[in-house]
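One chain, chain A, links the two complexes that follow: it is found with chain B in the first and with chain C in the second.
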Partner chain A sequence: MSARVEVEERVSFFRTYVFSIDHKMIAKQYLAIGLFWAVVGGLLAYLLRWQLAYPDTEAPGWGFIGPEFYNMLVTMHGTIMVFFVAMPILLGAFGNFLIPLMVGARDMAFPRLNMLSVWTLALSSLVLLISFFVPGGAASAGWTGYPPLSAKPIYTGVNWGLNLWILALALEFASFLMSGINFLTTPINLRAPGMSMFRLPLLVWMQMTAAILFMLSVGPLIAGAIMLLLDRVAGASFYLPQGGGDPLLWQHLFWFFGHPEVYVIFLPGLGIVLEIFPVFSRKPIFGYRPIIYSTIAAGILSFTVWAHHQFISGMDPRLAMPFSVTTILISVPFALMVFAMIATLWGGSISFPTPMLFALGTLAVFLIGGLTGIFNGSAPVDIYIHSTYFVVAHFHYTLFSALFFAGFAGLYFWFPKMFGRMMNEALGKLHFWLTFLLFNAVFIPMFLLGAGGMMRRIANPMQYEFLRPLQPLNTFATIATILLLLAQLPFVVNFFWSLFAGKVAERNPWQANTLEWSAPSPPPHGNFDTVPVVYRGPYEYSHPSVSEEWLPQDRPTMPTATA
Partner chain B sequence: MAQTHVVATGVEARVASGIPTGKMGVWWFLASEIVLFGGLIGSFVMSRVGSGGWSEMAAHLSVPLGTFNTFVLLTSSLTMVLAFAAAEKGDQKGMRTWLLLTVLLGLAFLIIKGFEWGSEIGAGFTPMAGSFWSFYYTMTGLHALHVLGGVVVNSILFLSALMGLLRGREHRVELAGLYWHFVDIVWIFLFPLLYLSWTKGGI
Partner chain C sequence: MFRWLPEMVSTYGGDIDAMMYLIYYIVGAWFLLTCGAMLLFLILYRRREGRRATYIEGNSLREAAWILVPCLIVLVLDLWIDLRGGEVWAKVKRHAPPSDHRVQVTGKQFNWEILYPGPDGQFGTGDDLQLDNELHVPVNKVVWVVLKSKDVIHSFFLPHLRLKQDAVPGRAIEAWFKATKPGRYEIPCAELCGFGHSGMNGFLIVHPADEYERWVKEHWPSS
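Then we have the complex of A and B:
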C-alpha cells in the first residue's frame, strides 16, 4: 500500500463523516446534536423537578440545588429543549434527511451552505456548553430572557453566562436561517420530473411553511438580541426605563418570533404524523389540499397572535381583545387538520407498529394541548392562569407531542431508511407505552397545580401557605418525571443495538408510496439510481386498479380507466 | 473503509420553477434580512413615538455628511448595475472597472460613516447617552456591517474577475448586485428616519 492511497482514504473518511456535504450525513449530525442536548435537557428537568418536590434538599447524584441554581436549571431547560433539541431534530434531522429524498432530488440546492449551517449549530452548541462553566454559571433570567431582569448582570448575578446565551442563540438563528434557504429552494426548484407542488408529501409542505415562519419572524428577535447585548455590555438603554428604554419592547420582539416558533416546531411534527397515518391505515390522506391550505392559513395567522403571551404584561388592555380573537381563530385550521387526521384513520385497516403508536400518541397528546390553549388564549381566563403551572402543562402537551411523540414516530419510521436496519418492535412498544403513560402522569398534575394557583417561576412551593396542601401533586409529578426519564432507556438500547445488529432493512419495509422508499436503504450519496419520474400524488393507498395496497409515486403503470 | 464520493449534486439539478436556484436562494436570504431591519426600524419608530426628547438628539447628526453618504451609496448601486450590464455583454474589462468602483464607493461610505461616529462620540454622544443614541449606533452599525459584507463579496468578485475565474459565472455579479441594492435600500429608510425627522422644539 502506498502512502498516497492512505491519505486519500483519510480525506474521504473526513469528507464522509465530518465535513460532509451529503444531506443525509448532515441530517445525522443534526440528530446527534439534538440527542446530545436531549440528554442534557432531561437531566436538567430531573434536577428542577427534584427541587420542586423536595425543596432545598440534596438531589441524588448531584447535591444541593437552591433557588439561584434552580433559576439556571429552568432557563437552560427551556432554551435547550426548544432551540437545541426540537429544532435540530425536527427541522435539522428530519427536514434535511427527507426533503431531498421526498422531492426526488440528489441533494439540497446548496450543499455547502448546508454543511455551514450544521457547523454553525455545532459552534453555537459549544458556546452554550461553555456558558455552563463560566464564573456565575449559565443564564438564569428565564428562557424568555425578559428585561430588566436580563438587561443588567447585577439583577441575576450572571454576567458572561447570559452574554454567551445571547451569542449561542444568535449563532443558532444564523444556522437555521441558512437551513431555511435550503429548505425552501430545494422543494421549489429541485423537484423530480412530474413532481408538482400538489404532489409533494405533506411533510415537505409543513417543513417549507416552518422554514418561512422562522425566516420571517426571527429577524426582529435577532435585532432585539443585539439590543439586549448592547444594554448589558455597552450600557445602552433599549430596555431600561431609567435611560428612556422600554422593557415591553423586548416582550413584543421576543413573542413576535416566539409564537411563530411554536409552529416552526409543531408543523414538522405534524408532518411526520401525516406521513405515517396513511401508511398504516392503508388509506389515502383525507383532504390533502385542505390540509395544505390550513397550514398556510395557520402560518399567516401565527404572525398575529403574539401578544396573547402578554395579557398581564402592562400593555394597553384594549389590545387583549384583538389578540384573543386571532388566537381563537388560529385553532380553526388546526382543528381542521386534526379532523383530517381522524378521518384518515376512519374505516382504514389500521396496524399498530411502533411508529403508528407514537403517531397516534402525538394526536392524543396534542388534542389536550390544543384544547387547553383555548383557555390561555381568552384574556379573561388567562388573567387567572397566566404564569401558573397550567401554562407549563399546556405547552408541554403541545411541544412534547411534536418533539417526542412525533419525533420518536419519525425516528422509528425512517430509521430503516437512515441506517439500513430495522428497530426492535418489542422494545419500541415498551418504550411507547411507558412514555405515553408516564408523560401524562407528569403533566396532568400540573394542570391541577396551575388551577390551584401554583406560580410558574418559584423555586420552593413550600414557602407559600396556600400551596402546601398541593405538594403531594408536585411529589407525584417528580417521581413520574424520574420514571419517564428511565423509560427512555429501552429506546437508547434499541437505537444502538439496532444500529449494529438490527434486521437488515429492504428498500420499502413499510410498503409506503413516497419517493424516499424507492431509494436504497440507506441511500448512497446522490440518493437515487436514476432520478425518479413521478406519476401521482403521495397517498394512493388501496387503489382499486392495482392488486397491492400501495402504489408508489414513481411506478409507471397507469391505472387503467381513470387517467 | 474507503467511501466512494460521488460528486453528483447540483450539476444535473433541475430548475422546476424557472427561477435560477442561486437567485432564489439570495431572494430568501434577503426576505429574512428585510424582517431583521424591519424589526429594528419598527422598534425605533415605536420608541420614537412613545417617548420625548428625541428631536433634540437627532438635531446633532450632520445632515450634510449624511446626504453626501446617501449620494455615495446610491452611486455605488449605479456602478453595480453597470458592472452587471457589462458582464451580460461579455465585456470583462468593463465589468472589472465597475466592480472596482463599487468597492471603492462602499469603502468611501464606511470611511465617512466612521468619521461621523468619531465626531459624535467626541461630542459625548456615545451609545450610553440615551435611547436615541442606542438606536442610532445599533441601526447604523448593523447597516455598516452589511456594507462591509458587501464590500468583501464585491472585492472577491473583482479579484476572481481579475484572475479570470469569473468567466462563465457572470451571473454571480447579479446575485451580489441584489444584495448590494438591498443594503442601499435599507439606508434609504435609515437616512430620513435618523437624520431628517426632527423639528426645532419638537418631541
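Then we have the complex of A and C:
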C-alpha cells in the first residue's frame, strides 16, 4: 500500500511555509517553536541562577528579581522546558520529520491533522506568552502546580497568569494528542513494502511507545486540570479541604501523567542516540529485539511508579515500599539499553563526528541521571533528599541528556537531510566539548547542594544558617550556567551559517542504512523518487556479504561477496 | 559526596545515611564499570584504516547474554536496595516508639505555629501554649509531631534529623523523632508555599534534661 499524497507542482508561499501539510515543513515549524522557547527557558534559567548566587541584587541586563518574581521564574522555566521545548523538539520536530521518511511513507497518515496539531501548539505558545504580561504576572505555583497553592489566586497573588497557564497546557496536550494519532497510525499503516515491524528503526519504536504512553496517561491530568480551573474560577473545591476536597488528589493525577511523561520525553531522545551509535560504530545495534522488549517493559512499568513523588506527601506509609520497588525495578530495562549501547561499541570501527560525540555525551550524562534516580526511588533516602537540589540535579541529568545532548546529536546528524547542507564540524566539536564540560560544572555542584540539604524553589539560600557555608557552590553553578548559555553561541552561528552557506549535502553523507538517506537532501514534498522496497533490517553495517561497510534497507540484491 | 551532609543528630538518621552510602557505593561501582567499559571500547575500537567492524547482532540468546547477565546483577542489587530500604522505612515510618512528648505544628503562610499541650498533655485545654517558629524539646526523648496546615501545603524539614514530612490542609499527619544532641537546628519549609516560602524557617531547640526542666518551669510556673 502506498500513501496517496497530493503532490502539487507549485503551491503558494503560504501553503509551503505557513499552512503546510508536508510533515517535513511541520517538523521545522515545531523545531522553530521549540528553539524559540529554549531561548526563553534559558534566559529564565540565567535569572533564577543569578538570584540564587547573588540574592536580591540586580541581575545584569534585567534588574531586581526578588522572591515573588523568582517563584514565577522557576515555574515557567520548568513548564517551558518540559512542555514547550522538549516535546516540540523531540516529538514534534524529530518525530514528524523522521517517522514518514524512516517507514518509507510519502507523508503522515493524516497530514491536515498534523497541520492542526502544530497550529494548536502555536496557539498554546501564544497563550503562554500572553500569560507573562497579564496583571499579576505568569504562573508561580511551581511547574507541578500543587493545590491549594495553585487553586486559589489569593495564595500566590497570581490570577489570570495561572488560568492562562492551565489553558496553555490544555492546548498543548490537545496538540500532542493529535500528533500521537499520526505517530501511531503512520508506522502501523503506511510502511513501505517489505518494512515489517521488526525492520523499523528503533527511533520509530521509541516514538510509537512515547505516543502510546502520552495518550494513555494524559487523560487523568486533563480531568485534573479542568477541576483545578473550576476551583480557581468557579469556586469549586475539588482540591480544597474546607469544601470537602483533597489536595493529594491532584498529586496522584499529576504524577500518574507526570512520570510516564518523563519517558515520553526520554524515549525519543534515546531513539536518536540508538540511530547514531550503529552508524558511527559501523556495527549493527547490539540486541535490536531485546531493546524493543525492554522499551515496552519500561513503558508498562512507568504507569506503576507515580507515587514515588509522594513518599512524604502524607499518603499511607504502607504504599511507599511497593512504589519504591517498581521505581527501582525500572532501572533494569534501562540498564539493558545502556549495556546494549556499550556492547554496540565493542568490536566496532568508531569515528567521532559531532553527532556521535553528542550521542556518547547523552549516554554518559544519562548514566549519571539514571543511577542517581536510585537514591530518589529509595523511600527512606527520599525522606531526606525529597525537594532538595539532589532531585533538581537528578532530573536535569536525565532530561537535559535527552533534550539537549540527544537533541543536538539529532540536529547535527539530520541537518543535511532537513536542510540539504552540512553543518561545520569544527564549530560542532567546540560546541560539544563546551556544553559537556559546562553542563557538568552546573549540575555536579547541585548534587552536593542537595546532599547539604538545600531545598528546591527557595529564592535566597542565605536566609538559612545551615546553607550559608554552601553558598560558594551556588555561585560556582551560576557562573557555569552563564558560560553554558554562552557556549550555545557556536551552535547558533553554525546553524544559521550552515543553513545558507554550508557544504551542499549528498543524499547519504554518513553512509547510513535507514530509508531517509535514500531520499534526496532535502526530500521534496512526497519524499521519495519512487516508494522504496525494503529488504532487510535497519542496522546491517559491516555485513560479511558485502564489501562496503553499509547496506541500505532498500538496496535490492546483495552484490557479489568479497569475503 | 555525602561529606556535605549536615551533622546528623537523630536516632534513625544514621540508618538513612547508611542507606545513602549503600546506594552510593553500588551505583558508584556501576558508574565506574560502565563508563570505564565505554571509554575502553572507544579507544580500542576507534576507526583505523584497514580494520573492519565485527558483525554482531546480539539477538540470539547466546550473544544477548552479554547484556542479560549484567541486567540480572542489576536486578539482584535492586532487590537488595529494596530490602534494606524497606527495613529503614519501617523503622522510621511504621514502627514508631511510644511518645514522651507531643506537639502540634501548624504550617501557615509563612510561619510554623507550634502548640504545646502543657502539663496536662492534652491539646485544647487552658494550659496550651503557642509559640511561633520555636520548637523546644528535651534531648533523647521521643517527640511526636502532629502536622497540620491552615492554607497550602508546607513541608516540615529537619535536615539535621533527616526528617521531612508534608503538612497538608485538611489532614493531621503524625511524625516523630528523637534528637540525640542538644543544640539549635533550623526547620525550613521544603514545599513551595507562596512568595514568602523562601525564609519560612523555624528553630528546633534541643535542650539537655535539666535545661528543659527550667524551660518548662519558666512557661508553666504552676506545674
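Rule of thumb we're sticking to: the second predicted complex is superposed on the first by the 546 of 563 C-alpha atoms of A that agree within 3 Å, B and C clash if a C-alpha of one lies under 4 Å from a C-alpha of the other, contacts with A are read in each partner's own complex, and residues count from 1 in each chain.
One rule holds for everything that comes next: a contact is a pair of C-beta atoms (placed from the backbone, for glycine too) under 8 Å apart; a residue touches a chain by one contact, two chains touch by 3 or more.
Here the structure is a predicted model, which is why all the values come from computation and not from measurement.
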Give the label of whichever partner, chain B or chain C, reaches more residues of chain A. C
Thinking of the overlay built on chain A, is A:Glu465 touched by chain B (first), by chain C (second), by both, or by neither? second
Mind working out whether A:Leu190 is in touch with chain B, chain C, both or neither, as first, second, both or neither? first
Looking at A:Gly136, would you say it contacts chain B, chain C, both, or neither? Reply first, second, both or neither. neither
Overlapping contact positions on chain A, where the chain C interface meets the chain B interface: 245-246
Quick one: in the complex, what on chain B touches chain A? 1-6, 8-10, 12-17, 19, 21, 24-25, 28-29, 31-40, 42-43, 46-47, 50-51, 53, 127-128, 130-135, 137-138, 142
Going by the contact rule at the top, pick out the chain A residues touching chain C in the complex. 67-68, 70-71, 74, 140-142, 146-149, 155-157, 240-242, 245-248, 281-290, 312-314, 317-318, 320-321, 324-325, 328-329, 331-332, 335-336, 338-340, 342-352, 360, 363-364, 367-368, 371-372, 374-375, 378-381, 383-384, 386-388, 447-449, 451-453, 455-460, 463-466, 470, 541-544, 549
Touching residues of chain A toward chain B in the complex: what are they? 8-9, 12-13, 15-16, 21, 105-111, 113, 177, 180-182, 184-185, 188-193, 195, 215-224, 226-227, 230-231, 234-238, 243-246, 249, 253, 256, 524-526, 531
Under the definition above, what is the set of chain C residues touching chain A in their complex? 1-2, 4-6, 15-16, 19-20, 23-24, 26-27, 30-31, 34-35, 37-38, 41-42, 45-48, 51-59, 63-64, 66-68, 70-71, 74-75, 78, 81-82, 85-86, 88-89, 92-94, 109, 151-153, 155, 157, 159-160, 162-166, 168-171, 173, 185-186, 188-199, 201
